[in-house]
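A short worksheet on the structure shown next.
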Amino acid sequence: MPLNVIVQIKDEDKVMQGLRSVINLYNDLKDAVIEVVFHQSAIKALLKDSNFREIIEDLMSKGIIIVGCENSIKAQKIKEDSLISGIRIVTSGVGEIVRKQSEGWIYLVV
Amino acid sequence: MPLNVIVQIKDEDKVMQGLRSVINLYNDLKDAVIEVVFHQSAIKALLKDSNFREIIEDLMSKGIIIVGCENSIKAQKIKEDSLISGIRIVTSGVGEIVRKQSEGWIYLVV
Amino acid sequence: MPLNVIVQIKDEDKVMQGLRSVINLYNDLKDAVIEVVFHQSAIKALLKDSNFREIIEDLMSKGIIIVGCENSIKAQKIKEDSLISGIRIVTSGVGEIVRKQSEGWIYLVV
């Protein structure tokens, strides 16, 4: 049975190292289902004009699910149409992380 | 069966965003039992004269359990009577987090 | 049955407080098996000339397993022979953390 992993990125200043860890995880666990939740200040990484857009689009092309937290989007006064296409929005990033774990997903903070 | 969630706040400079995430979690998972452990430098948030006192007392009034780590209290040379009333003290915050998980609680770092 | 705990230290500037938490965990859960994974910028703590060498060697003498992430070693251009003796190297720190959890280990971020 493949592993399901729910990854949390919350700090804006830790996005680059977080994304590197996601790539390393993907390379190490080829069959895992990986979902990455961006919330708190890290939500800015999902903006179309973010420095991380290319990496994030590359992760999505590999089948990694990218999720943004609506609470954080509102707190940062971000317009949803300024976000990278293809990401999934959830009401609450932390609610998503807890729910996935309750369904057996493995938790990872990067 | 309601979810039980054990939340960790460890960094003094991340307390505000951590508390916002706890509020978002509470609003999203109405029936969950939520316990928030403050340890390392974040223990200072539990001082009576902390900027977060009002938010923390409001969380407690909602039934959220607030826990402080005695190891961190001693490391920061805090007197126990200078802490907000109603919080629970455990010997070790990390021990509490591990024990709760061993009893089936879901872990969340904010 | 003793608890198995997989501990993550990822940030260079949080190594000291992380190591203090590991010591507190050890003192609180005497019978637990504890493995500490150093990755991202925190990998530098495992250098022979690191300020943390004595503490890390003391942890190993207590039976705590110390693990370094090869991806992080390469990213930081560290030579493996400059690392403290007795640590275990894994291809991917995050892969190790996920795999251990899939085997029932409890996760802790410090």
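Brief remarks on what is shown
All chains are identified by letter, namely A, B and C, in their written order; residue positions are counted from 1 within each chain.
Criterion: a contact is a pair of C-beta atoms (placed from the backbone, for glycine too) under 8 Å apart; a residue touches a chain by one contact, two chains touch by 3 or more.
The structure presented is a predicted model; accordingly, all values stated were derived computationally and were not measured.
For the two copies, chain B and chain C, the CA superposition rotation is 120 degrees, given to the nearest 5. Between chain A and chain B, two chains of identical sequence, the interface residue sets overlap only in part, with shared numbers making up under half of the total. In terms of their C-alpha centroids, the spacing between chain A and chain B amounts to 25 Å. For chain A, the set of residues touching two or more other chains reads 107, 109. Taken together, the chain B residues at the contact with chain A in this complex read 3, 5, 14, 17, 20-22, 24-25, 27-29, 32, 106-110. Within the complex, the chain A residues that touch chain B are 8, 10-11, 39-41, 69, 71, 75, 91-95, 97-99, 101-102, 107, 109.
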